[in-house]
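Take a look at the structures listed below.
Consider the two complexes below, in which chain A is the common component and chain B and chain C are the respective partners.
Moving on to the complex of A and B:
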């Protein structure tokens, strides 16, 4: 049933691609660049965040005032604040699109489990970063978020009290809270880049940046929204009373809305189940070629005599399964005799896709159980029939 | 010129005018201290440029 649902979702995703490709040239299709768009928004967030960091004061008495100072007194402060706020929304939307697109198009299989796992963590941290960002403003919404989060953490069996005091900085809300939030906000942003490295490390030629059309469009939209709907704070937090209503940001604060109908413990359990399931997705479907009902071609083999060390297979392998090493001896063919490098296939990474075979113009790679000559024969037979 | 080139060329010209007006708005916003107007106008310029790039491509003036 899961497989059928996934097939249907894949079909819809591809139909959407085709529809968008009718409007945009194929290399401008924004759905091909959801990862790059996320990266663009993250860069904008970091740059605007550094600006805001220079003026922000993480204390109960001064946090709200410093945010107001940034907004009203600092030259271009209101624009930078708005850019930071809308880039955060853009980042979340791009990350979610990236997540669903890769899920529906099965891009978590074979050697792509590492990008998937790191991507799940990026998604989690992004949500948490959004919440800490809202707390830093220290208005009524921040106060309510702190109280709701504290109550939710307090509901964890056995260690709830400990988690709650770690979140708040002491048994109750204390002056340690905002420095802690600032550290979590900035520290996790740094951690995002470490996770991004992990996200990219197994992907050959990742599209880390969108095309100019979408870079300009995204930045333009952020600035336009900043001017038309300026980012604003709620009334300042009051230590004597916790507000009863939450100004909702549906992208980041959805779990807090769920607290209206779910108990904190149920919400936490649900969050754990969703997270664990998300991490399990790459391993849910069968992965062996036989179980998937596809050919079992065998690990790609380099034909020593023909390899010229040209690196074309190395660049084309999407799984980083080919490394180039100094050649221990010259090849046999004329083109291979002067080689300085030699290709080696890493068995643990090869998914037997055959891309390297197509990339090699010197017939120096073969799939042992699906030889090029066999494929040619099958094509010829198919054409004749 | 083909129909396609004329159609997209016209849009490019219109967007160029729009972006010029937005640049004037940036200057006005800056001189009058209304920086949000300037910020929105920067957004309009960038959006206009993005569509100019798209229409140049679709009109066959650039790219493949």
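Moving on to the complex of A and C:
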């Protein structure tokens, strides 16, 4: 039933693509650029975040005031704050679209587990950064978030109290909290870029930016929202009382809403299960060779005699599975005799797509179970029938 | 009712992730509505070597096409863009070789777009049917190499002396790829 549900979701995703392709040209389908859009929003977040960082004061007395100061006194402060606020929403939406799209279209299979695992970690950190960002404003909502987080951490058996004091600075709310949150918000954003490097490292030509039209549209949308609905704080936090109602942001604060119906321990267990399952997704090889059919044509093999070291397969392999090494000995054919380099297929990265076969004009690459002669035989047969 | 045996013979390379043609084809890959079209499944449209398209034309096909996923949606990220570029290069090469470049094409249809795929293949088939002339131009006459030492006197207008450059198919194919 589970696999059937995923197949259904794959169907819907692709049908949605077709529908959107009717509206936009294929090159501009925004669903093909969810990763690039995420990166765009992240860049906007970093740039506006640096501006806000220059004015922010991480202390109980001054945090709220400094945010108000940014909003009301600093030139363009209101705009930059709004941009930071709405770019965060855009980032979360783009990241979730990216996640679901790649999940439903099976783009985690074979050697693509590394982008998937790093992507799961990026997703977790994105949610974490969102929450720490909400705490930094230090209004009523921040106070409530801190209280709820503390209670949830405290509910962990055995080490709950330790976790609470380590993450929040003490059992209750202490002066250490806001500097700590500022560090977690800014420092972990740097970690996001390290994870992004991991996310891209196995990919040959990552689509890092969306098409210019969508860049302009997204930026325009952010500024429009900033102008129409200016970002504002809740009433300031009061040291004497913790508020009881939460102004909900559904994108970032969903787990806190869930706390309304779930006990903290259940929520934590659920989070752990979801995370572990997410990390397990690329390793659940459900497809047998029979089901894979022609997709299971064997890992690409370099034919030593023909390889001229021209690097075309190296440039075209989408997964960086081909590396060029100094040629151990000259090739046999005339074209390959003077080669300096030699192509090697890294088996652990090969997904058996055969793109290198199409790239190679010297017939130096073959998929073992779908040779060039097999294809030519099929062509001849097709022409004869 | 389709007319059996009519229409140009067409070989199509079909990406396994692209349009699901299992309902459109007979077990041997021939399309039910267009019996002149035979589909060959490949693991990715980028797997297709451009020389195979030429091979098909030289072996009796009158048109060949490659069908991939919609541009930007390739499961292997770049396969359909790459085959698109390669086919554009091959068309240029065909123009030099006096093969009509419209005999090869790339089309892009997703898993469920059977109608669009069928329409595109039909349009391609109709277009190929209108193209003039033999698919592959007849080979040029072998260069009449004069016997060594028997140079014809310069300036004899009666000597056509085509001086054909060596047929540069395989070598050019390899070089033009880069």
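Following the convention adopted for this analysis, the second predicted complex is superposed on the first by the 358 of 385 C-alpha atoms of A that agree within 3 Å, B and C clash if a C-alpha of one lies under 4 Å from a C-alpha of the other, contacts with A are read in each partner's own complex, and residues count from 1 in each chain.
The definition used in the following text is that contacts are C-beta pairs under 8 Å (C-beta built on N, C-alpha and C of every residue); 3 or more make two chains touch, one makes a residue touch a chain.
These numbers come from a predicted model, not from an experiment.
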{"item": "Partners on chain A (chain B, chain C) - clash or fit", "value": "fit"}
{"item": "Which of chain B and chain C A:246 touches, first, second, both or neither", "value": "neither"}
{"item": "Chain B versus chain C as contact partner of A:265, first or second or both or neither", "value": "neither"}
{"item": "First, second, both or neither for A:361, with chain B first and chain C second", "value": "second"}
{"item": "Chain B versus chain C as contact partner of A:219, first or second or both or neither", "value": "first"}
{"item": "Which superposed partner A:376 touches (first chain B, second chain C, both, neither)", "value": "second"}
{"item": "In the superposition, chain B vs chain C on chain A residues touched", "value": "C"}
{"item": "Touched partner set for A:14, first chain B, second chain C, both or neither", "value": "second"}
{"item": "Chain B and chain C, minimum CA distance [Å, superposed model]", "value": "13"}
{"item": "Residues of chain A contacting chain B in one complex and chain C in the other", "value": "none"}
{"item": "Chain C residues touching chain A - in the complex, by the definition given at the top", "value": "9, 11, 16, 28-30, 38, 40-44, 46-52, 55-56, 59-61, 70-73, 75-79, 82-83, 86, 108, 110-113, 173-174, 177-178"}
{"item": "Complex interface listing, chain B residues touching chain A", "value": "35-51, 53-54, 57-58, 63"}
{"item": "Residue ranges of chain A in contact with chain C within the complex", "value": "10-11, 14-15, 17-18, 21, 26-27, 29, 32-33, 105-107, 203-205, 293-295, 297, 310, 312, 316, 318-319, 335, 351-355, 357-362, 367, 370, 372, 375-376, 378-380, 382-385"}
{"item": "Residues of chain A that touch chain B when the two form their complex", "value": "24-25, 28, 75-76, 78-79, 82, 212-217, 219-228, 230"}
